[in-house]
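Multiple structures follow.
What follows is a pair of complexes built around subunit A, which joins subunit B in one and subunit C in the other.
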Partner chain A sequence: MQAINELYDVVGDPLTYARRLKEQTGKKIIGYMCTYAPEEIIQAAGAHPLRLFGSNKNIFLADGHLQAYCCSLVRGVLEDALAGDLNFLDGMIFPHTCDTIQRLSDIWRLNISFGFHLDVVLPVKLNTKSARDYMIDVQNLFRNDLEKALQVRITDDSIKKSISLFNEIRSGLEKVYELKNINPEVISGKDLSVLVRAAMIMERNDYLKILQNVIAELEKKSGAAKAPGAKRLVLAGGICSQPDIYSVIEDAGGVVVGDDLCTGSRYFAGIINAEGDPIAAIAERYVQRPVCPAKHMDKNARAENLIKIAKDGKAAGVIFLLLKFCDPHAFDYPDLKEALARASIPSLLLEVEDQPQAQGQLKTRIEAFLETIS
Partner chain B sequence: MYTVGIDIGSITTKAAALQHGKLVGTNLVFTGYNSAAAGKRVFTELLQNIGINETADIKIVATGYGRSSLDFADKAVTEITCHAAGAYFLNDKIRFIIDIGGQDSKAILLDDRGKVKNFIMNDKCAAGTGRFLEVMARALEINLDDFGALSLLAQNPAQISSLCTVFAESEVISLISKGVARENIIAGIHESIGSRIAALAARAGLTTPLMVTGGVAKNVGLIQALEKALGLKAEVSEYAQLTGAIGAAVLAGNL
Partner chain C sequence: MAEQDPEKEKRKIKSVKKMKDIMTNYYIEAKTAEQSGKKVAWITSGGPVEPLIAMDVIPVYPENHGAMIGASKMGIDLCQKAEAMGYSSDLCSYARSDISCATVNGGPIGGLPKPDMLICGNNICGTVLKWYEVQARYFNVPLFILDTPFCHTQFTKEARQYVHRQIEEYIIFLENACGKKMDHDRMKEVGRLSVQGQRLWQAVLDTAVNRPAPLSAFDAFFHLALIVTLRGTKQAVDYYEGLLAEMKQRVADGIGAVENEKYRLLWDNLPVWYRTKWLSDKFAAADACLVADTYTSAWCGTLKYIDENNFIESMAEAYSRIYLNIGIDEMARIVIQMIDKYSADGLVIHSNRSCKPYSFGQLDIQRIVREKRGVPSLMIEADMVDERFFSESQIATRIDAFMEVVKERKSCTP
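And now, the complex of A and B:
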């Protein structure tokens, strides 16, 4: 699709994009790795939030600091940092989510000399009254820390402006998912995955314009054929850095109609209330949004959310796409799998890494899964 | 009408022909570098063996890792679905299959109509596969065909702790240098593969009756070690290595 083509370059090489953005606009670039980083506050500070997705390079520097059981995401980001590829960053933000990202924060503080370093110590349980109050305090503290680090004032008005920008992006992505759900052929899985990831990389105002063009194009096309034979699937897991997996699924006769991914619906789920205290409104979204397995909601919350996504998408099956060595997702997997089985939704587990996969095996598993759910 | 299944594996390429639901011929060649050429050759030879012409009415299903390289096949189906169909064809009581091939192993749970209910494949690592055994046979200077019988003589199977082919080979070499008897080393290798595959089977929902398929099923010592690890008896068909090709021929009947 025309409007999406330029996003492939951005997503293919986000660091070059971000370096150029900094040169052209003078904006401070703040790195983060997880959807619990309060992008709205970074944007309100006049800085640019840049999500980091790991590296395509061979890993050798990072292995001197990390155990063998750390995921390829953390390994790749540290490799890029140690190799000097991230030294244009003005700061790095570590929300407390999984153990490995928390430990990466320490390794970063001790080994990386460029930019400031901020931990955002979020509550783990999100379903209590005190968690909500604590979440507001954490966001306020982050606002103060960021003001000091960047030497700017972050006003309520600028946060509100930022909130409305992110609300537009989030509801726009939600809209694209709806169109894809109605007619899976309207946009390929690969294009959609690139569209979502670009939202975490690009200057957000520039991105919103492209997103609006994409939506306009899709709405024109939405009356087209509706992939009659394709089997509808949902993806679940953490990050998906391999848009090719969508092509493998489509070549095998499947189509992804929804997801519960950190690089998918968990990124854009939930609109922030534009009225009242903006910090409290940001905190409220975090406690309402579908959780990542590093956070705790009701013990059935994740399974219920996944089953709802599968049913809304009229999905014939769910593919779990778990990053190797991601223990929070691996611990949740058996419960989710059983909950799906009880709801008569078949599922397949694929363990993936940032680095390119053995394509043959991946293809066989996906094709065999599609053959079994006929 | 004839139906033919062609199973292009990582080490060997197999073919099977059915006529009116009866197995009428099989063939096996080494895959080598060119999987499409191996697929063509195994097919041409099979037709010669059973005395039919290539222009006859033949439906062909290709399977195995080289399944999409065969342009003359009517359809490509994964080896998981084909092993299920093949095992069900050989014995319709079978509800669980362990397929140990050249480069991967699979555990497959069947429903009572022979359809795949669940399956698990090992990782991209070669531990517990035919290739792993080939590497070990080379280190021990023994013909792989003698592996099974020799291991049955073991008095005291050695411990092989590593699951990695390369590390396990160096473990084997240090056992050799310690003077451990070959049969004990081989039995130890079989036990390490057996316990690894037992774990794979448990994750796929192991049940009985159980059939072991794939080329490695010809190794009687490994089957015994696997049965011990599972605490179950396994059925091994004389067509174990051809099960995928037979299943592909069965599925070609539905085209």
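And now, the complex of A and C:
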């Protein structure tokens, strides 16, 4: 699709994009790795929030700090940092999530000399009044810390403006998912994954314009004939670092109509209330949004959410994409699988290794799975 | 009866039998709780146990149970059962063995008694959060989470307030679960006993500053059980008083844990439960004693934050600032203090694939220790319960090579 083509370059090489953005606009670039990073506040500070995914290069330098039983996302990002590829960052923020990120933050603070380093020590449970209050405190602390680090004032007005920008992006992505749900042919899975990922990389105003063009194009197309027969699937897991998986699924006769991924719907779910205290509103979205497994909600919240996504998508099955050594997701998997089975939704587990798996092997497993579901 | 080696007999710690009796009785009481009408709570090792004791709830520690599973070499079987349930073999082996054990009542004591409630303190890791969620679904019982914000570089006043409020919520949770009010005088008494127990435990560990050290880290791994499971009881205080007296006597008599102690080492991370004896013998054969460790001292490491006359108030800070809930630079500082305090000649680091928060950062700690103190260190790749990740021949070779370096260095320094 025309409007999406230029995003492929951005997503293919986000660091070059960000470096150029900095050169051209003079914007400060702030790195982060997780959907619990308060991007709205970074944007309101006039800086640019850049999500890091790690490159696929071989690990040499990170081996001196992290053992081999650490997830490839964290090893990869640390490798980039140690190799000097992230030197252009003005700062890095670490929202508290899993044990691995927690230690990455320490290792970063002790070994990486460029840019400032900020911890955002979020609550782990999100389902009590005291946790919600603490969530607000943490966002306020972050605002103060960021003001100091960037030497700027972050006003309520600028946060509100930023909130409305992010709300537009989020509801736009929601819209694209809806269109895809109604007519899966309207946009390919790969295009959609690139579209979501670019939202975490690009200058957000620029991105919104592209997103709006994409939506306009899709709306024109959505009336077009629906190709019958593809089996509807939902992806679940953490970060999907293999956009090619969408093509593999499509080649095997399936189509992804929804997801519970942190590079998918968990990134954009939930609109921030534009009224009232903007910081409290940002905090509120975090406690309302579908929860990531490193945080605690009701003990059945994740299963209920996944079943809902599958049902809304009229999905015939769910594919779990789990990154090796990722504890939070691995702990949830058996009970999620069972909950799906109780709801008569079959599922397939794909454990994603450091290196992109042989496509042939993936394809065989996906094809076999698709044959078993109706 | 086989003839006893008097040398070995002399070196045996006499309190061991008492300890075994106490633990046996403790588990019998826990397993018969239903008959005696007592409630059982499963709680994490770093969890806030004192209010449970004050409420007459029997605390049971799946992690202690995990250690028993490991020590009795039943880990592989239970871990594999968990894998058959869908749990990845990369997850913490305490969690894996506990999760499968609950479904088959396996392990050395036929499983833990069923919980009436679950108390999870996430000050040690995020694993326990996920693990307790699994058990809360399986047993369908209430779960209380004490969420202690991680202290990378500081414990903010906002975090303190948050933990404070949770302690209040905790007491209400317990009052609801038990159908009775908390007796605050009793709570104060339990708080005092907890502090007393922790002080005594620290004093026991401190006796290892002597040459030869009367106890080794391997002994500490064993005697730790009470400060974990019965912290806050008179029983623990009495036991550690006895143990301390025995250690002092050993010091006076010049009895060391290792027959010919020449080299003193510090251990980092959890024990390798299924190989403690092998490791202990291996080091002893090289005249090395592991005189202290970062693991067992974690149960008395936050004494400085506790006000024994105001236990409930000071709990928030004490439970938030334990060894695993702080940044690796502060951990490195503590390791260095221990090296100085116990006059260690080397550092043995267990890189424990089960425990990511304990093991990630060890390479940096190792570097910092090298830069600041120049002591040699050895990293052993293993797992605390799952024997499949222990390669005996490889580790033996590495220990031999390491001991050569320690000896070499010691002979060069006056």
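Throughout what follows, the second predicted complex is superposed on the first by the 371 of 374 C-alpha atoms of A that agree within 3 Å, B and C clash if a C-alpha of one lies under 4 Å from a C-alpha of the other, contacts with A are read in each partner's own complex, and residues count from 1 in each chain.
One rule holds for everything that comes next: a residue touches a chain if its C-beta (ideal position, glycine included) is under 8 Å from a C-beta of that chain, and two chains touch if they have at least 3 such contacts.
Remember, it's a predicted structure, so these values are computed and weren't measured experimentally.
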I'd like to know which partner A:131 touches here: subunit B for first, subunit C for second, both or neither. second
Once the structures are superposed on A, label A:331 by its partner contacts, choosing first (subunit B), second (subunit C), both or neither. second
Quick check for you: in the superposed arrangement, does A:102 touch first (subunit B), second (subunit C), both or neither? second
If touched residues of subunit A are counted for subunit B and for subunit C, the larger one: C
Contact-wise, after the overlay, does A:208 reach subunit B, subunit C, both or neither (first, second, both, neither)? neither
Touching A:271 in the superposition: subunit B (first), subunit C (second), both, neither? neither
Just to be sure I read the superposition right, which of the two partners does A:350 touch: subunit B = first, subunit C = second, or both, or neither? neither
Based on the superposed arrangement, let me know which partner A:367 touches: subunit B (first), subunit C (second), both, or neither? first
Can you pull the subunit A residues that subunit B and subunit C both touch? 351
Touching residues on subunit A, where the partner in the complex is subunit B: 351, 357-358, 360-361, 364-365, 367-368, 371-372
Touching residues on subunit A, where the partner in the complex is subunit C: 64-67, 69-70, 96-100, 102-107, 109-111, 119, 121-125, 128, 130-131, 133-134, 137-138, 141, 293-294, 296, 299-300, 322, 324-325, 327-328, 330-335, 337, 349, 351
Going by the contact rule at the top, pick out the subunit B residues touching subunit A in the complex. 65, 77-81, 104, 115-119, 121, 123-124
Quick check: in the complex, which residue numbers of subunit C touch subunit A? 85-88, 90-92, 95, 122, 125-127, 129-131, 133-134, 136-137, 143, 145, 147, 149-150, 152-153, 156, 158-159, 161-162, 165-166, 169, 327-329, 351, 353, 356-357, 359-364, 381
